[in-house]
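There are two complexes below, and they share subunit A, which is joined by subunit B in the first and by subunit C in the second.
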Partner chain A sequence: MSNNDTKAPANKFFTVVKKVVSHQMFIPIMALLILAIVNLAFDPNFFKITLGKNNAGNPILSGPLITILDYGAETAILAIGMTLVTAAAGGQDISVGATIAIAGSAMLRVLCGTNPSPDTIQAPIIVAFLVACLVGIACGAFNGALVSFFKIQPMIATLILFTAGRSIAAWINYNKLPVVPDPKFAYFGGIIPGIPVPTPIFIMLACVIIMALVLKFTNLGLYTQSVGINEKSAKLNGINPIAIKFIAFVILGLCVAVAALIKVSRISTINYSVIAKDIEMDAILAVALGGNALSGGKFNMWASILGAYVFQFLTTTLYKFNIASSALPAYKATVVILLVFFSAPKVREMIGKGFKKMKDSMKNRRHKAATASEGEA
Partner chain B sequence: MKKVVALIMTACVAFGLMACSKSDKKDTTAAGEKETEAAGGNEGGSGELIKVGIINNDPNESGYRTANDADLQKMFCKENGYDASFAYSLKNDEQIKYAQGFIQDEVDYLLLSAADTAGWDTVLQDAKNAGVKVILFDRTIDADPSLYEASIVSDMDKEGETAVNWLAEQGLSEYNVIHIQGVMGSAAQQGRSGALDKKVAAEGNWNIVKQQTAEWNAEKAQQIVQSVIDSGTSFNVIYAENDDMAKGAVAALDAAGISHGVGKDVIVMGFDCNKWALEELLKQNWNYDGQCNPFQASYIDNIIKDLEAGKTPEKTIIMDEKGFDAKTITQADVDNYGI
Partner chain C sequence: MDKKKLKGGIFNRISDTNLLLCITIVIFLIMYISAIVFLGGGFKKPQMFFNILNNEAPLIITACGMSIVMISGGIDISIGGVVALVCMSCAVYIDKTPGGGNVWVSMLIALGIGLAFGIVQGYLVAYCEIQPFIVTLAGMFFARGMTTIVNTDPFNVENSAFRKLKDTRITIPKMGSYTKKGLYQAAYIEIGVVVAIAIVVVLFLVLRYTKLGRSFYAVGGNPQSALMLGINVKRTKFLSHVICGLMAGIGGYVYFLHVGSGAPSHATGMEMNAIASSIIGGTMLTGGVGNIIGTLFGVLSLSSIQNIVSSAGLGQAWWTGITIGGMLCLFLLIQSIVMWAKKRSLKA
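Showing the complex of A and B:
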């Protein structure tokens, strides 16, 4: 009798553990927890959030957590679009950094006109943002058309804008570096007076909520996955793979425009050669850290967004510890390799199997013990 | 329906490609892959004009390069007695090809800002054999000095030293420095970091609070300074190796309500003398900006005049580079030296 009592909960325990471990969100959440614990161990004030005032006299919340949420916003927003592109096209867009430069440059061109340092802005900020959205969509459509219609490998197709993008961005502003004079423009990358939480966090949340609604109330998610899993059978079922891939790139283009707004607003100016440099790699890594297969198919948007924050958490942590500048990439690479390894679908499957084996062996041992005790009795 | 969509998409792509090629064309004329002003120059009688071929890096590279190119364009024109052709590339092999072209065109002088330090021996030997005099500007190369007449360079070590000496003159009782570095290994980073590292090692009251590379990127600098602020460590100097990074650092200070500038809590130092950065100095929001002199044309002009007069110029000429202090900078400085 006593055997049965211990056996059932143990079984249940293993089933739960297996379920948790093999869940897609497990790795990003675990990584966040480990990073938080490491940080907390070295700095007990890590979770402390203080209310201060900035130099303009407006209230602002500050603390490491706020910093991470703030600076991770762009990557998180890009991760949304990148997840869709990855799932639908089975490849990644490597031009997002360069298209951020283009969209940002277009935005500044509208705001500043032909004078790189005007006294007042030449057009409302909303107009500039809408122009940037159009530019972002155009870039996305260009990439999307190459990938979906001309069936070019995503990485090759986006290589065009990856190489040419920053020159195009420089050309839009006659190679000048405009500075936006209006302090209101800095709200998007800083804070709105009176609201102590950095605006990028709100923008990121808005994007996430919109995406959640789109995924809930449209068939976009389902269609994207079916195109990613098997293009032919999706087509046979009446889904147009060309349109779905095209839409994925256009959505990414929109995400790029939003990220460009935050990026340019943070410093109210632009530097074509370094703005959002390597951000495409961060966004792709976020998708991978979220445990999504980079070859397309099923995806979990929330895992990608968490993945983006894991990456930002890591960056902030590495800045926090006094690691030599030249060694920083090595540290980052090591952690990223580990994370990507453990979040790879194949590895997770193996870990799941390992747990099953452990469960079975436990069962066998119990069974043996039970029979032995019965024999004694 | 499908056909219509396909048609629209094709149009989209065609338009996209067209836009792309159009912008490419504009881009190259802006960069002027190889301007053939030479043809026009010949009509004016090439006997009086000195024929120069100028090979530079792409002016799109940075504000520094744009200012450098504009300065050269202004100096080497017909009014000043020059018949100049310009060629731009960030790639060494393309630059070598342009150099061969200029040698074939029988230019009198070849002015070169090499993309890469290696690989120039053969083409410079060809130039020498053809009687073309070579003057290097902005960047040196690994070649035998006999292959060129002179080289005009910035001394990055000196830039760093000037800045650090200025900082030492401020007489703070303690220096707690946030040191934001450029791309590791670049000449500017090594020179500007070297001077500070040496000073910190030598002086007891100089400490580095944080030393990290932001790779010339403003937002990365902002994040690095933010991380120091979050950790609660106190600091009173920001030594950023270019203006962009100083701007990012200042954004973090502003958000945290830390005062900066002349007579304030934190001293802000930048490099490169962008116009907007010098304006920050003028407003006393920053304290110091070190120059990396892009105005090499007058130096080159002097060398050519010397050579024409039969004099031998010095082999290596180091340009004067200023450091601007917010207390003494004037509007005239901003206009003259801002890039």
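Showing the complex of A and C:
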């Protein structure tokens, strides 16, 4: 970088641009900006947030932006854990959707007992949530043990819970669909009376803040990256790779429990085969859109969370254009491929080379023209 | 000490691929024979086995493609989507074109769709160096979305030429059985099974005896040393995805022949079943280890588990999922422990 100082200021500007463009956050932020501009162009009221009242007469903020923040919360929370798992283990957990079903089912079992439609809840909500956390941690620990101790590739290890998870969830409640009678339970996925902002946004913020504090005051981030980059040298430096991978999966298990609370609370019941379907793919794509290498190593948590919101923004935008929900994946896939294509290091290198060639040829032409005119003179 | 050495000797003489293959075949045989002995009933009839083949022919074909991608160190999770897209496109072409479509042209459509997905995904993975998981995940979403764009509602194909091909059955002599009323029923297989077996044989030979087949193993085992051996790593990876796409196209058409309809929900979760059967068959996701015959037995094991669970009187639907998960866990642990033991005996 230092030798750039001696060059012309125009070059300095170029290096700044290059630095910005090559930053990890550039692609997700650009995607958000482009989506925002497209939306603004088609609907000037896109960013308008109105304060209305819901059916129960409680104040509630509404608007596309609030919807995005609200419904992107689960993916963002999962993206936190998924980033850690990806960085430490160099693979992804594809069982999170199924684990959400298990944790949600356990939560409902505690709340409703064996009766599918009780008049009152059978246990305090906090107890149910703690049970869900335990279940989430247990699932995470199971995956983590397979990955770290038995050295099975993460995707394969989590394939076990992916195939068995929804069946286990159905088994916990004997395939009944309990409905939680307490309106307080709906606060977590809806709004708390008197506070107009949807609760999932607060839950998401709490998770992000906790994670930020953990990354700031512990060595977790550093250790995770070193295990992901080179397991052997991390071990030689006194870091226990087995423990780090295990912890990453346990943290993801906790994230799953929180996401399950929101998901179940949104509808106060559960549908074993549909709840959180394909959310693992969304979470993995969020990590990838954030520019994190799926093969592990360095990670940027904030880019992942931003990636989750890019995805939700895209979904909301597509819904606004009246695209049928079943055809949605095709459009999403196209955008994702474009984003990943342009953020791939190899493609950037190729584009950079092409750009340089063009610049060189232009310089050559100018040089030739200059020499030609000199010759004429 | 002597015993240990001897054990190490046997372990070392067998390659990783063959060791895992042997474990798979032994476990499958134990499972199927114990089903015949303890459950009896349907399992005593050979037709039970042929029914498994009839139902799982598309999975066998797609799982073979998946194994090749996994052997060369990649993964392809788009195949379920591609199968659904192939079914829907062929169904729409045959049934909705005026005068009815040609069955042979519909086969070309199936192959074309499969190849197109394989080539695009292979290019992005091999030459643009994007992670295969993301590329094929997007491929899956794209194929699923396209399926509903082609046609939203599921429908059955009524074209007579197609029906004739679909209902063609190949009877197997001397394997039939008598029903409770004493009627003789000949054992039969569908055309798809013949295609599947042909593909298994061809791919097995390709993997074992051709330069391309050996380079799949080399690239999956260690891309850097493969490069030093003078193998074109990028082209090999590209070709593995092309073959997998082609298999998804053929598998899609066989699936179409088996069910005779197009629907957006066709082949849901097929990619995961294909991955699971490849693993049960001894293919490792890290690459470099695997066998097509093992994949065949992986599919058979997976399907037998489902049949055993449903005929063992565990009526509740959730037991199927839980048992398959448990079996998968068992296979993975056995593989992990065996590889660990082998490593240890090599060191000692």
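Observations on the structure shown:
Here is the rule we go by: the second predicted complex is superposed on the first by the 332 of 377 C-alpha atoms of A that agree within 3 Å, B and C clash if a C-alpha of one lies under 4 Å from a C-alpha of the other, contacts with A are read in each partner's own complex, and residues count from 1 in each chain.
In this text, a contact is a pair of C-beta atoms (placed from the backbone, for glycine too) under 8 Å apart; a residue touches a chain by one contact, two chains touch by 3 or more.
Note that the structure is predicted; figures quoted are calculated from it, not measured.
In the superposition on chain A, A:N237 makes contact with neither subunit B nor subunit C. By the touch criterion stated above, A:W171 is placed in contact with subunit B and with subunit C alike. Of the two partner chains, subunit B and subunit C are each touched by A:F150. Of the two partner chains placed by superposition, only subunit C is touched by A:I337; subunit B is not.
Of the two partner chains, subunit B and subunit C are each touched by A:L328. Once chain A of one complex is fitted onto chain A of the other, the partner contacts of A:N219 are absent, as it touches neither subunit B nor subunit C. Legend: residue contacts after superposition of the two complexes on their common chain; A:S361 is shown touching neither subunit B nor subunit C. Looking at the shared chain after the overlay, A:L285 reaches subunit C, while subunit B stays out of its contact range. After overlaying the two complexes on the shared chain, residue contacts for A:L159 are found with subunit C alone; subunit B is out of touch. Judged by the document's definition of touching, subunit A residues 146, 150, 160, 164, 167-168, 170-171, 175, 324, 326, 328 lie at the interface with subunit B and also at the interface with subunit C. The touching residues of subunit A, counted against subunit B in their complex, run 43, 45, 52-56, 60, 62-64, 67, 71, 117, 138, 141-142, 145-146, 149-150, 160, 164, 167-168, 170-171, 175, 177, 179, 190-191, 240, 242-243, 246, 263, 266-267, 269, 271-275, 277, 315-316, 319-320, 322-326, 328. For subunit B in complex with subunit A, the residues that touch the partner chain are 2, 5-6, 9-10, 12-13, 16, 20, 23-24, 26-27, 30, 59-63, 66, 181, 184, 210-213, 215-219, 222-224, 226-227, 229-232, 244, 247-248, 251, 253-259, 274-276. Across the complex, subunit C meets subunit A through its residues 75, 124, 127-131, 133-135, 137-142, 144-146, 148-149, 152, 264, 272, 275-276, 279, 284-286, 316-322, 324-326, 328-329, 332-333, 336-337, 340. Every residue of subunit A that touches subunit C in the complex is listed here, in rising order: 92, 146, 150-153, 155-157, 159-168, 170-171, 175, 281, 284-285, 288, 293-295, 324, 326-334, 336-337, 340-341, 344-347.
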